[in-house]
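Chain naming follows the written order as A, B and C, and within any one chain the residues start at number 1.
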């Protein structure tokens, strides 16, 4: 197995916790963060979501921002998560000025756009939010706050965005283009995405049931998570949380929003990740699946997994029943969960599961379970056929 | 009776952006999906919205669309049986 | 040692055709938001797919297919797209409907087509291409980041033979018009050709799609060698100059080695001084050209600049209409492109003749 890229810090905020410790506690206590929207003012107040119960006003106060700030909700969440990651890694101001930042987001500042869209023309009160609509703006706000001054990039490939961001960061470190980089993503709940997914009829009216035979769709969520990656020669003896040993991106090329029956893109992404890691199927101890609980994804992802692993599918779980589907942030949030799993040799459960899918018979992890975990595969698949798989490994 | 079919065709052409087509180009019994008109799953979702918007019929299960949207005739029959507007 | 890479196929859709520019008879536009030249997309895209597509997707997919054809490549090993503002037409369509109907009875098509990676996704669908496919959206550095990823790919194992890279941005009725409200566009309507002489803040905007088939193999049809790319943060022109000198040094070059500079002057009095500083200073004796008076300014307009650089190298001519100074280009070996928007994302692209 090839040595991977070192991870020296991680940070997260989701509907099951405002930091890594709180998230871990919820995961290990099977305590989900699915509720009805309260902060998001929507007509669809009956749709379960993974909402972070902190208003933008409070988030801004925590970050000590001035009243007329132009931080989108995604930027606010992103700053919090990235700050935690930086703190853990011990990076100081002098390091941050040439540390890279690669972030994934799907709708950027849409939360502010949808709020003020009809007002811009007649009132100049909120025009500072006009540019905030676009993904690069949110990223710029986060780097500005953190004092991060190196290579900056935003990836927008729907639900695989932050996983792809992590992949790019790892590739750049390996190529010697960067010594340090903060990678991950952020997305917040918006009426735009809630209504969008609703129009596709893939939202569940109940708490979602990944990999269950009677699953009826996904719950949307929100959150942010970031990892700090560092090159070998600047580690300086600091603690390594885990390593990114494999990564792969492929396109399903089947349909704009649905996955192919056999999960072609997923299969290829998983294979590429294993090739980079120099691992065989038998080396993967656990899978954190994309597992959105839609009829389409869970079946096509299962088929891809069966194709890779044959009879010996490693224990798999979807943590989306805890957090909801956090769109672009999912890859990074689940990266943190994969690392927590590795650090604690513990697999987290797939909540709400009752009956295996009749097509596959796969039963996911049902209770928090201790197991020695050396290599964890994490999948993130998005609209536009975009599939990214990552492999996290214990630092040995 | 034939007005509903014409109305349906006009709505479909408009809703699904089938700019090249006219009402006369769509036969009443022609398959809408697959071979025939060649509509896809996104169009099916659009038709579900159309059903509710124009005829007050709410379909909760997108899979049901497969049985109803077979052809203009089948759609018209279903609408006549279930419409609330 | 970085692998050498070449631009073997190009395609551009913008507010000017190639003939408009090289015959020195550019199109005139009298409004500060102007569209790309319309064309028939049916030649490249089947009707059933075309009916759903916004301008960005139509332009992007068509330019991608033309760039591949131009390089006689059937299937690229990667598709990398940059878009600053994504699919705005479908975004505002869904948003408007959602606001008008108070979140009821919404049709899905415009939502589906609104995600930033729709363009890359549609290219993959059209080609049935399962390869690496990523979309970058970093304001005016979007295309540059896509190109940087391509460069990275060519230096990894196994290296691709051909990578398709492009930048796309479209105009939309509401969202683009907001640019008048926050000072990005000039309030008074002007003629595009007068842009660089116009006083005051703001610029003009338009849309475009520019795709490039990049390869590790040079051939007779190659337009240019893609030597290097960089995006700098810089608060003032002096820092930009330092950045340029360092960038060229890393490529064993100095400013004296540059034959032609392609500059992103856009008539915005707040920021054009970044270009003026170089025009009056280090590149004073060099042939200087601009292009935003022809095609406006938008996040991925550096795609137009790169397309133009390739065409200039291939045709070995520099149209008069582009010239910012009287200095002719003595030779056309090394071309430097420099662009920035609102004082951010200072980008450098270095092209070499083949």
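Note that a residue touches a chain if its C-beta (ideal position, glycine included) is under 8 Å from a C-beta of that chain, and two chains touch if they have at least 3 such contacts.
Everything quoted here is computed from the prediction, not taken from an experiment.
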{"item": "Greatest separation from chain A - chain, by CA centre", "value": "B"}
{"item": "A-B or B-C - the one linked by more C-beta pairs in contact", "value": "B-C"}
{"item": "Whole-Å separation of chain centres (CA-atom averages), chain A against chain C", "value": "30"}
{"item": "Where chain A and chain B are represented by their mean Cα positions, the distance between them in whole Å", "value": "38"}
{"item": "Chain B: positions in contact with at least two other chains", "value": "40, 42, 45, 49"}
{"item": "Of all residues in chain A, the ones touching two or more other chains", "value": "199-200, 255-257"}
{"item": "Shared interface positions of chain C, touching two or more other chains", "value": "106-108, 112"}
{"item": "Contact set on chain C toward chain B in their complex", "value": "47-48, 51-52, 105-109, 112"}
{"item": "Chain C-touching residues of chain B, taken from the complex the two chains share", "value": "15-20, 38, 40, 42, 45-46, 49, 52-53"}
{"item": "Contact footprint of chain B on chain A as seen in their complex", "value": "199-201, 255-258"}
{"item": "Contacting residues of chain A [partner chain C, same complex]", "value": "42-44, 106, 108, 113-114, 117-118, 120-121, 124, 127-128, 130-131, 133-137, 139-140, 149, 151-158, 164, 168, 171-172, 175, 177, 191-192, 195-196, 198-200, 249-257, 264-265, 268, 382-386"}
{"item": "Residue ranges of chain B touching chain A (in the complex, touch as defined)", "value": "40-42, 45, 48-49, 62"}
